[in-house]
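Shared between the two complexes below is subunit A, which has subunit B as its partner in the first and subunit C in the second.
Now for the complex of A and B:
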């Protein structure tokens, strides 16, 4: 097990596409770090550079204190779970699991015991004689996981491993991965575009956009104290509401950001800041809660409230927010600001 | 109310059948006239005493043929030629494809270079090879600079190697393109997974790539085998009816037998060759079905 250090890492593909732009990051030994961001933000490229499957254009990679630039993937002592699972189609599940141990010339008895142990742990022991073509998506995913875990490695890398599973299976696999991380105490680097996975699994989340790290913090901090508009907008479902505003003394334009669950309907308290009134455009019932889309004229907002049959399309509501729930961002730089007073426009 | 028929009328079905039969007819007639019927005639001729008497003689023609020294020589030469040229063609084209698949500069130029022999007409090929390998040709001229004595390349024990070289020169490019296409269709993530799993380049080749290449290997092998018989064209034009003994191929034997109107011998030889080919291709298909079963989409 080992920590990872990325120093000024850049990847420029032939043709000039800058996939990763001068990122630096330290991942502690045993940490579970999740890279999250939209498609093409450079998260998978970063992971592949850590694995050694991509050469970095500039910068340095250290795993367990060792400089890894130019080191072959097989010599980096990392495991990688692919999005497509990448199981060897012509081998049985047993052989898929045993492959890496055979490559390390582990003796047959030890291979057998390790394979059966990991298969039992992942509940795939009844599938050992099957070929990948005879496995379901969930089973293939567990085999891919088993292949990564069957040999002890310094670092375990995951490239969107749950993205091909249905919602129910994804949820159970998330829990399984969290437990596995706790049991192994190894360094996990996990790439996803699913913010639920990022929020629930990581010790820290690295939010990436256009090849750059926008923020790297624990999930709660990322959610409640985003450092920039991108992070605020990317994390959270439904998306955070951005409302045009100004700050004194010169009425400088800013963006006010309010989480959907922080917006209040018809609040009569004096503490609340009135944002505007508008008609309900759409109501999405989610069981215990509902998403309410309200048109405030210049902008539309979404708020989450308890399911209430009294809230229906076409009705008019006053929308307010408590001052402590408002985030203020500089309209030009997109960075968070410390502003004590502001006004919505 | 108007009634609609959901089931097509019989006459419509019949018309559709006639239409499809009409479209198929040219191909079917071609195959029947040029392959099936002549093949049946060949089978018939191989079991009768002669085309006039047409008396059934069982396997007598085959027994006679197997005792024929010229046939044995031709069969052994053909076996030796195909046994050398086909594996060499498959292995070398695969090696070339792998070299060109790696990141080397000027890839497309190499590709064109290796494909260019396919564009050269047979007559030109023969002319070029005659210029090179004639007793007074370019190769001997060049070798004489180093003090090497003149060799009659096409009338010596080297002759089969010369034809093997000609065969390789002509066929490597096409096979290489087929292998390049197959190599590029191997799932990249599996190769990367093997790299991460600690497999060496050789292991990745033997354990992963080769499995994915097996359908193409089968095709290229069969294709090369067929082409190895077609090399008769060049050999015949280079050396005539009765070439140096190592170049006397089955096709020479058949051509000469045809010229002497010995249809029984010719038909029996064709039948033996047919059975041999069916066994080889059947074995190749069997191996491929075992080896490449799980990797095909």
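Now for the complex of A and C:
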């Protein structure tokens, strides 16, 4: 097990596409770090550079204190679970799991014992004689996971391993991965574009955009104290509401950001700040809660409230927010501002 | 629309489909029979006695002025079912005339190394073409395709000159060496290796496999169907070779059965059917053993030789 240090890491592909732009990050030993961001933000490229499958254009990678630039993937002692699972199609599940141990010339008895142990742990022991073509998505995913875990490695990397699974299976596999991380105490680096995975699994979340790290913090801090508009907008479902505003004394243009669950309907308290009134455009019932889309004239907002049959399309509501729930971002730089005094437009 | 009209339409549609399938089946059956007739004729006739063969096909040959047999155009009696089944042709070929078996062995020692080494070398070359990006890769591969598309007759003279230069003319190497370095297998296997998902190769590298292990343990098994189809096609191609042998190795005692077969046809017609049947066996066995792989390999490779 080992920590990872990325120093000024840059990756420019032939043709000039800058996939990763001068990122630096320290991942502690045993930490579970989740890289999240939109497609093409450079998260998978970063992961592949850590694995040694991509060469970095500049910068340094250290794993367990050892400089890894130029070191072959097989010599980095890292495991990677691929999005496509990348199982060896001509081998049985047993052989898939045993392959890495055979490459390391582990004796047959030890291989057998470790393969069966990991298969039992992942509940795939009844599949050992099957070929990957005879496995379901969830089973393939567990085999891929088993192949990574069967041999002890310094670092375990995951490249969107749950993205091909259905919602129910994804949820159970999330829980399994969290438990595995706790049991192994190893360093996990996980790439996803699914913010639910990011929020529920990681000790820290690294939010990336256009090859740069936008913020790297624990999930709760990322959610409640985003450092920039991108992070605020990317994390959270439904998306945070952005409202144009200005701040005194020079009426500097700003963006006010309010989480959907922080918006209030017809609030009568004096503490509440009135944002505007508008008609309900759409109501999305989600069981216990509902998303309510309200047109405030210059902008539309979405709020989450408890399911209420009284809220229907076409109804008019006053929308307010408590001052402490408002985030203020500089319109020019997109960075969060400390001052929370504002004048809503 | 009323229900009876809909039912009538459905019945009409079903009838048309049945007629279409029946016509297609008849069409396929007719063509199958046409293609199979020579093979069936050869096999059934191999169980005829020399006398019966002579009475059926003797008319196609006559004594020439010099005493040799020459072909004359007269109708022959194509007969499928022997009057009396006998193994005399086989007994003569297998036990009384070892010459045929020598020729068969000549075929084996020419074709086996060609197939073995051509597939081996092509596998390594195609791994290089599929895995490494170099400036000359596409140019080299293009050259392979151009060479592959050339008819054999075009490369025959350069092959002859090279054999002469290497002093391999009239030796088995004159056939084996050009056979080993044929571009056909490289083309088919490169296409197959390019289909191996990059992630599988990367997974193997992370699992600790060296380049050689990635090639032998991952890429080769992944391309099993393409390799098998190459083995079958190359085998059939060289098992039936005639021109190469006549030009590059015109030594009667080293000639394979394919060349000898044409001489038997002109001479001992009574044995030709048994020899041809024995000659077919390796190719048929190979095909039957790898039929599924062959179909899969050809389907994936997209195009075939020739």
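Simple rule for what comes next: the second predicted complex is superposed on the first by the 344 of 345 C-alpha atoms of A that agree within 3 Å, B and C clash if a C-alpha of one lies under 4 Å from a C-alpha of the other, contacts with A are read in each partner's own complex, and residues count from 1 in each chain.
Keep in mind that, in the parts below, a residue touches a chain if its C-beta (ideal position, glycine included) is under 8 Å from a C-beta of that chain, and two chains touch if they have at least 3 such contacts.
Small disclaimer: the values here were computed from a predicted structure and weren't measured.
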Next on the checklist: Do subunit B and subunit C fit side by side on subunit A in the superposed arrangement, or is it a clash?
Outcome noted: clash
Checklist entry - What is the contact status of A:51 with respect to subunit B (first) and subunit C (second): first, second, both, or neither? => result both
Checklist entry - First (subunit B), second (subunit C), both or neither: which does A:133 touch? => result first
Checklist entry - Touch check for A:313: first (subunit B), second (subunit C), both, or neither? => result neither
Item to check | First (subunit B), second (subunit C), both or neither touched by A:84 | outcome: both
Next on the checklist: By the touch definition above, which subunit A residues appear in both interfaces, subunit B in one complex and subunit C in the other?
Outcome noted: 51-53, 72-74, 78-80, 82, 84, 86-90, 99-100, 103-104, 147
Checklist entry - In the complex of these two chains, what residues of subunit A are touching subunit C? => result 51-53, 72-74, 78-80, 82, 84, 86-91, 99-100, 103-104, 147
Next on the checklist: Please output the residues of subunit C touching subunit A within their complex, sorted ascending.
Outcome noted: 197, 199-200, 202-210, 213, 217-218, 221-222, 224
Checklist entry - Which part of subunit B faces subunit A closely enough to touch in the complex? => result 187, 189-190, 192-200, 203, 207-208, 211, 293-295
Checklist entry - Which residues of subunit A touch subunit B in the complex? => result 51-53, 72-74, 78-80, 82, 84, 86-90, 99-100, 103-104, 131-133, 147
